[in-house]
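Mind looking over this structure? Questions follow.
A, B, C and D label the chains in the order they appear, each numbered from 1.
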Amino acid sequence: MSQRVRIGVIGTGTLGMHHCRTLALLAPGADLALVADNRDQATRAAAALSSETSVATDYRAILNDPSIQAVVITTPNDTHAQLVREAAEAGKHIFCEKPLALDMAGADSALEAVASNSVKLQIGFQRRFDPAYREARGALLAGDLGSIELIVGTTRDPAPPPASYLERSGSFFVDTAIHDYDALRYLTGLEVTNVFATAATLILEDTRERPMKDTAVTSLRMENGALATITNSRRSNYGYDVRIEVSGSKGRLVLGEERRTAVRSYTEAGVSHDFVGSYWELFEAAYVAELRHFVQCVAEDKEPEVTGEDGRKALQIALLAERSSQEGRSLSIDELR
Amino acid sequence: MSQRVRIGVIGTGTLGMHHCRTLALLAPGADLALVADNRDQATRAAAALSSETSVATDYRAILNDPSIQAVVITTPNDTHAQLVREAAEAGKHIFCEKPLALDMAGADSALEAVASNSVKLQIGFQRRFDPAYREARGALLAGDLGSIELIVGTTRDPAPPPASYLERSGSFFVDTAIHDYDALRYLTGLEVTNVFATAATLILEDTRERPMKDTAVTSLRMENGALATITNSRRSNYGYDVRIEVSGSKGRLVLGEERRTAVRSYTEAGVSHDFVGSYWELFEAAYVAELRHFVQCVAEDKEPEVTGEDGRKALQIALLAERSSQEGRSLSIDELR
Amino acid sequence: MSQRVRIGVIGTGTLGMHHCRTLALLAPGADLALVADNRDQATRAAAALSSETSVATDYRAILNDPSIQAVVITTPNDTHAQLVREAAEAGKHIFCEKPLALDMAGADSALEAVASNSVKLQIGFQRRFDPAYREARGALLAGDLGSIELIVGTTRDPAPPPASYLERSGSFFVDTAIHDYDALRYLTGLEVTNVFATAATLILEDTRERPMKDTAVTSLRMENGALATITNSRRSNYGYDVRIEVSGSKGRLVLGEERRTAVRSYTEAGVSHDFVGSYWELFEAAYVAELRHFVQCVAEDKEPEVTGEDGRKALQIALLAERSSQEGRSLSIDELR
Amino acid sequence: MSQRVRIGVIGTGTLGMHHCRTLALLAPGADLALVADNRDQATRAAAALSSETSVATDYRAILNDPSIQAVVITTPNDTHAQLVREAAEAGKHIFCEKPLALDMAGADSALEAVASNSVKLQIGFQRRFDPAYREARGALLAGDLGSIELIVGTTRDPAPPPASYLERSGSFFVDTAIHDYDALRYLTGLEVTNVFATAATLILEDTRERPMKDTAVTSLRMENGALATITNSRRSNYGYDVRIEVSGSKGRLVLGEERRTAVRSYTEAGVSHDFVGSYWELFEAAYVAELRHFVQCVAEDKEPEVTGEDGRKALQIALLAERSSQEGRSLSIDELR
């Protein structure tokens, strides 16, 4: 049997805490060794998960601990590239939340450090570990739907995140739509060649001259000529809404869970049911599976299924979408390298 | 009670025959007086519907018959503008299938003739008479969903029409997506201000240098800043697929019937049900209702709910989409007048 | 082409008026000649449907009119058997609403009059004309689901009818569940051999010693050994709820339309849609189709698909269910002849 | 923090192995100490789950180990009562799969042993730990649906179990329908007062004079006068099908998950999706939650939510259903004590 993997987690926001819980309780073969965050309360909660878990306020405690083989990065988006670089230089295998970076220079220097230090890097595109996505990809790559022609996807958050999050998250495209861009690539096995995007500020109260966008539509063209459109919103008001449909010459595959529970109610007011409330509810199994996969890759010295290159490509699309939304024209993928 | 309305139908293709049947059997107050088509077989079938129906091979027989008050135009798209003009000049009230014309000049001269001859003109945007669309519009205009932010729509035919149809139908935007553009306007009560479109030839075998498009994505911006995306395909392979969803600050409304019958089957192969097969199946009640509305407007001297201006505006969006798909940039509605 | 059929309608309650409208407007080949009801207002409304329609307060005006070939009976349940008998003796073809009678003696004497006068009799089991039911029956009789094993059905009214209706309607089994008993026979092509029923008064405020039942469960055994259960309620509070599922050795077929329109709403309160509100909404097309079928059978001298024997067999099951619910034991079909 | 609970598992069939995995990996605070089964292969698989797990071929090894506080019984149904008694006498807390016993005498002597030895007993009615069931019960007990009037439920296995299982499982009512009887009681908070059942052998090839039943319908009356019907089948052919709906004076609640994944496919063959394949897929979270609850009750000295009395009451209904199906009459709950 493979050896146990000692892991440190940097950043204990909502998702960071979920990852800590997974590593402490649900990832056989993993030890949650050290949790670093500069907020005292968060690390205390993390440390309570397991008697073997220590805490630190400085993430360098993880990088400097030779007994720790791997690190999970769930800090604000604007720190990812730098932390990947440092972790790689410290010889740690890395699980990094999306986005890999906020610009291509950051992504490239991070990937160089990963390569030159021969560490593994997995990006947190958790949808790739959802059973429905895996099944859909299998069917699409096997040609069950024929050649791919048209894709429609969406991600909508129930409500906007706090301003403190938005300040460090990069553009709406880089922070949110990037999940859909990756799903496009994952499900179809096709690369994007052209990007047009349009965006608006309809939800956030942002009085700056160039306010953050919170509503966006991205039109894409895939390498085989297929077309795609992705819509994103910071607020659905009814729950966490993630759907994608792929049409091919033989038909259409649709992915998208709506209900949180299986209860439906029929009353004078009509028929009603609940809706998935959060990313964690919708993708709980996928979040657990991606970390188990990472632990297994480290333990068995295998390459993770979601690579740094995947992180870079999704970022590239997001940056092009951002620029396209400002220039009002369609951009070729070659216009950003 | 209002007087009976004698009506002539020009063109007896599939939809023309449906309209003949509606007028002969299902539109109280209407008499299907005369059916004109240059195909003998078609007019014979139409004439068999009622003992009071005559046939002609030349549509001018309708225009020249003073006992006929109104005309239904269901000829190829490239004849609409000219026929509307002639019918208006002959003093007939007009029900014209979409599109009103294939270019703005055609639309404008048709509308001028309608105005100067004081006849009524209703455009065949039948979705406006679907009970679900009416209910959705009512809810949206009443503010039930708050301010409108994001719209996603689609129209997909089961299979491409014959080449003979395509030759005279205008671009894919003008022939098909125009229904979605009108639905956007109808449901939200908002005008479009910007259009970007991208299109591809993935289905039709068209070896010309500039082949007809059969797959398209249109990104639009509405006057209140809301964004929209419309996808279209000439082939779904599973049926006639028309859906639209409108999201506002308070939630989302979804329209789209999938099942033809209420039978669902559960077997070893999984759970399955049928899908709506054609525009006639999906919108049968709406097609009947729009003609009843037209007959009533003529009988009671009222303005139809779907006006020539509605036909013109949807055409304008379609023409902008077509140009945008060639230029690769977003166009303002002002760039086409 | 077949000759026109002149028809009289006896009884202009809700369903009677629907039938009048169908005959006047939607049944080519039929003339609504005479409408009889002892309520003045109702007949006036019926007469307004067509300039060719006369009215009478005495139904014998229809029976005595030699120009009328057929009669539609939509009077209170306790008059059906007697009116069928009289109409048959007057030589009229008969469309009679369910139930055929309130007891077996009534049914038998009515059927004898029909037979000895060689008139046609169709019972108003309209579900047999619903496209989904027809499709399901076809699939089941073709063996698509294998041998039939288990059936679950329900009919629930939105709200109880008025006391004046209940007084003359017969038991809950005879008035309502009879639709489900017929659906059982129609869909499976199998006869019922054993009946157990239990019932309760949970909805109606009926203070008599033996109050009318409004909630019921019937367990049945079919001639091939399959089991069935039917539930009925006088009040759903959310709409008109009719569903039935048939399981066989190869799987399950489910029938049941829920939504009135195709609009779904997603808000903070969850996901919701409307529900079919009435029997007329759910079975509108079937009600029209059954009358068209009856008219056609009369015009072309064919036997109707729903016979008097079908009416008698469903009644027999209903009467057994009623008795079983009083005796607390399972009854064989042979115990009532 | 509460002390750890050392647990032994008796019986490593399919569900036993699931429980071993839950205890070893997913139940914080539990140690899977000892697994007993007389099949060598099964215990080896169980022992591989954790380095702390020992195995035995004789279950008495568990009962005799003073370091073990609790036992999970997942042996054939005909051993449950005896094992509960022995475990209670050995002072172990007990989690026992349903049914508690195959007859009332067995149930009563088991419960006496539990009481006189002051150990805890939880019965494996896992549906009570499904989030949808909990939510539905909450809504029903809060009166959201008004007073309860009509309940319809079903449990259908994808395919019959092997003959070796059936031999020791008791009747179909005791083995399968018992889940639905418990769900009835749990969801409504109401006791059953009358039972009628009918059953057939349509699936199993059982040539004995009195073959095992595999298809059944149970009609029940609840203490408040509400009616219920439960259908059961040993074979659905399409998956594991568990649904229940509860109607009250204000409307209806429906529970029942159909899809295994969120993938839907639209092709020429229609629209299709998969179906839940097994009890484990449908109730995975509930099976884990019920064991966590049991471990917690032992650790914190609390009474389990599903008691021995719950096991006894569901058994009583099942035994009455069995007898009723033989006698063809409705039985009062008082006829079996």
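FYI, a residue touches a chain if its C-beta (ideal position, glycine included) is under 8 Å from a C-beta of that chain, and two chains touch if they have at least 3 such contacts.
Quantities reported herein were computed from a predicted structural model and do not represent experimental measurements.
Colleague: Looking only at C-beta pairs that count as contacts, which pair of chains has more of them, C-D or B-C?
Modeller: Pair with more contacting C-beta pairs, C-D versus B-C: C-D.
Colleague: Write down the chain pair in A-B, A-C or A-D that repeats the interface of B-D; the criterion is over half of the contact pairs matching by residue number.
Modeller: A-C
Colleague: Mind checking the centre-to-centre distance between subunit A and subunit C? Centres are C-alpha means, answer in whole Å.
Modeller: 57
Colleague: List the centre-to-centre spacing of subunit B and subunit C in whole Å, with centres computed as mean CA coordinates.
Modeller: Here the centre of subunit C sits 39 Å away from the centre of subunit B.
Colleague: Note the residues in subunit D that touch 2 or more other chains, in rising order.
Modeller: In subunit D, 236-238, 241, 250-252, 266-268 touch at least two other chains.
Colleague: Quick one: in the complex, what on subunit B touches subunit C?
Modeller: Going by the criterion above, the answer is residues 25-26, 28, 131-132, 135-136, 139, 144-145, 250-257, 261-268.
Colleague: Flag every residue of subunit A that touches subunit B in the complex, lowest number first.
Modeller: Residue positions touching the partner: 146-147, 149-150, 152, 154, 156, 194, 196, 198-200, 202-203, 215-217, 219, 221, 225-229, 231, 233, 235-238, 241, 247, 249-252, 328-330.
Colleague: If you look only at subunit C, which of its residues touch subunit A in the complex?
Modeller: Contacts found on subunit C: 236-239, 241, 258-259, 266-275.
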